[in-house]
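One chain, chain A, appears in both complexes that follow, with chain B as partner in the first and chain C in the second.
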Partner chain A sequence: MNFNARISLPASVRAGEIVEIKVLTRHPMDRGGQSDGKGGTVPRKILNRLTATYAGETIFRLDMHTGVAANPFVSFTTRAIETGDIVFEWREDGGATYTRTARLTVT
Partner chain B sequence: MSDRPGPSFETQAPLAPQAEGCGSRTRIAFLILLAFVAVSANPALAEIKSGTDFLSPELRRQQADETRNPGFFWVEQGRELFSRRPAGEGQACIGCHVEPQQSLRGAATRYPQVDAATGRLVNLEGRIEQCRVERQSQPAFGYETPELLSLTAYLASLSRGLPMQVRTDGPAQPYYEAGKAFFERRQGQLNLSCQQCHDGLVGQKLRGDTISHGTGTGYPAYRLEWNDVGSLHRRLRACSLGVRATQFEAGGPEYLALELYLAARARGLPVETPAMRR
Partner chain C sequence: MSSAISPRSARTEAGIDRRSLLAGPAASLLAAGLPPAAAADTPPDLAQLIARVTEGAVPERARIRLEIPALAENGNAVDTRIRIDSPMTPAEHVRWIHLIAEKNPFPDMARFHLGPRAGRAEVATTLRIAQSQKVAAVAALSDGRFLLAEADIVVTLSACIDGG
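Showing the complex of A and B:
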């Protein structure tokens, strides 16, 4: 299991309220550079970008570098506008992307 | 105790003043010294605390918070593996252990234990492997594989909060004695025993970390040092390396006996898997 994510949101919020969103990711964040035993080096393979989209707008973007530990945790806040999905997308070195969605219920 | 110089915990005791013809003062100081040595040399008298008590408050909060403790990824993976049918004829674990939340709650508190059929000591990892080979007819996962770590973390997490209660009598007694002897024996180039640090120097610093009683109730644990979940035996190997002693095989008889002794020391302490450690 290389990638997994745990996204935590409050069960429901009132419109206009500030919401804290917590994202815990499972990823080895391999910084690379070690010998591969065949004269070459292991390439870097980390999640280099996380973006979160809500109500048609990007609300959060994080660029990650090799200094970020494995299984990174981030939390950020946004203002609740309407009930809808928050879409998280991770971009991995090598071009792979992972997407998860979390429902934000606004009352 | 050997009389070689070294970081022995007896040197922690206040030194009795040199005799200067003042008998009562010397005698009192000597009695204090005796009492101190007696207390610190006997782990049964010292209060054994769990590894969590030596964490920073921040790390303790992180451990308790399922949304922030990465160990729960392994628990989750273990839960999936538990209900997944293996290739071929075999049944999934959940086929026999229905409703693991009830049927296996508290199971981890009784390991390591002596297997009745073979008379050998097995820990939780060993029991899972045994089930997999004998009942599911599958190749063993192997110690420290992500699959075995996940299953162990999941099963141990079902006993979260329940007190450890391993048996040390009957057939387990020789293993317990062996583990105790291992714990107390000086070994390695640094000529240290487990006891010297984990009874005598508890609460003091070692390379920026705080020395704990070494109870192992949180394993498999997520260690920041590893960026990963690892077994207790991986941690024991690191300790062996630290005192420049022979590193035994993970899952081998030496560490199994030691694991039993540590579990017996931790009797009454809650299971904390998946714990976070530095």
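Showing the complex of A and C:
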């Protein structure tokens, strides 16, 4: 599967600071409905959900429909609490999931 | 129309589906509930889509900014940013932000779920805009109120028309 994610975070932040997290994902986000050339149609296959978990809680969730571009980009913010992993989980149509983590260093 | 193009895109959010909204008596009820001003400057289709996500509540047009280019050469990737003026405390925060494009084959584009842990109510993404139209961002606040921002966009090269 053609999936790859680039997550960008500041190298280190102070506790309490607001951090912007940018996530760029490589995914075709097939919106479906096109002809497959054999009389059928291509099924929809997009990443339909991105969940981010940090310091014991879900901090962000994005529900995506076909209106989100191919290779989806998303940016959101969170307040720095403690040094730890931010876990990203994508859910794809068909049930596949992809997980990546990014370390947030809090001083 | 959305079912033909996106057969698997059944709405997961609770709510009334659009066909029954248009056909049933709910349509007249919802239309009656809209203030004359909102009904006048919003195309009826978009007004109905907004009423569906707010469950009939009338959103305020304040404290929310929808930053989207007025002219997009390529509708396949339109950079969009939404900022809301909110303290983002446990008592007062933005619960979610919903993006609607009335003329897209599937008008619901995305929903961002936030909470007090976000610290700031600001999100960005890239969208597929099928054609020139009005795009709306609806935000739900923790106190049960809704905010609305709309923006007109002209698309030169449309998304979702050719096979690509």
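The rule is short, and it goes like this: the second predicted complex is superposed on the first by the 106 of 107 C-alpha atoms of A that agree within 3 Å, B and C clash if a C-alpha of one lies under 4 Å from a C-alpha of the other, contacts with A are read in each partner's own complex, and residues count from 1 in each chain.
Here is the rule we use: a contact is a pair of C-beta atoms (placed from the backbone, for glycine too) under 8 Å apart; a residue touches a chain by one contact, two chains touch by 3 or more.
Only a predicted model underlies this, so the values are computations on that prediction, with no experimental measurement involved.
Superposition note: with chain A as the common reference, chain B and chain C can be accommodated side by side. Number of chain A residues touched is higher for C, counting chain B against chain C. Residue contacts after overlaying the shared chain place A:8 against chain B, while chain C stays out of touching range.
Across the overlaid pair of complexes, the angle with its corner at the CA centre of chain A and arms to chain B and chain C is 90°, in steps of 10.
By the touch criterion defined above, A:26 lies against chain B but remains apart from chain C after alignment on the C-alpha atoms of chain A. Of the two partner chains, both chain B and chain C are touched by A:70. For the pair chain B and chain C, the model built by superposing on chain A gives 5 Å as the shortest CA-CA distance.
Overlap of the chain B and chain C contact sets on chain A: residues 69-71, 73. Within the complex formed with chain A, the chain B residues making contact are 66-68, 70, 72-73, 76-77, 146, 224, 227-228.
Across the interface of their complex, chain A is touched by residues 4-9, 12-13, 76-79, 81, 99, 101, 104-115, 117-120, 122-129, 159-160, 163 of chain C. The touching residues of chain A, counted against chain C in their complex, run 18-20, 31-35, 41, 43-44, 54, 57-79, 93. Partner chain B is touched in their complex by these residues of chain A: 1, 4, 6, 8, 22, 24, 26, 28-29, 69-71, 73.
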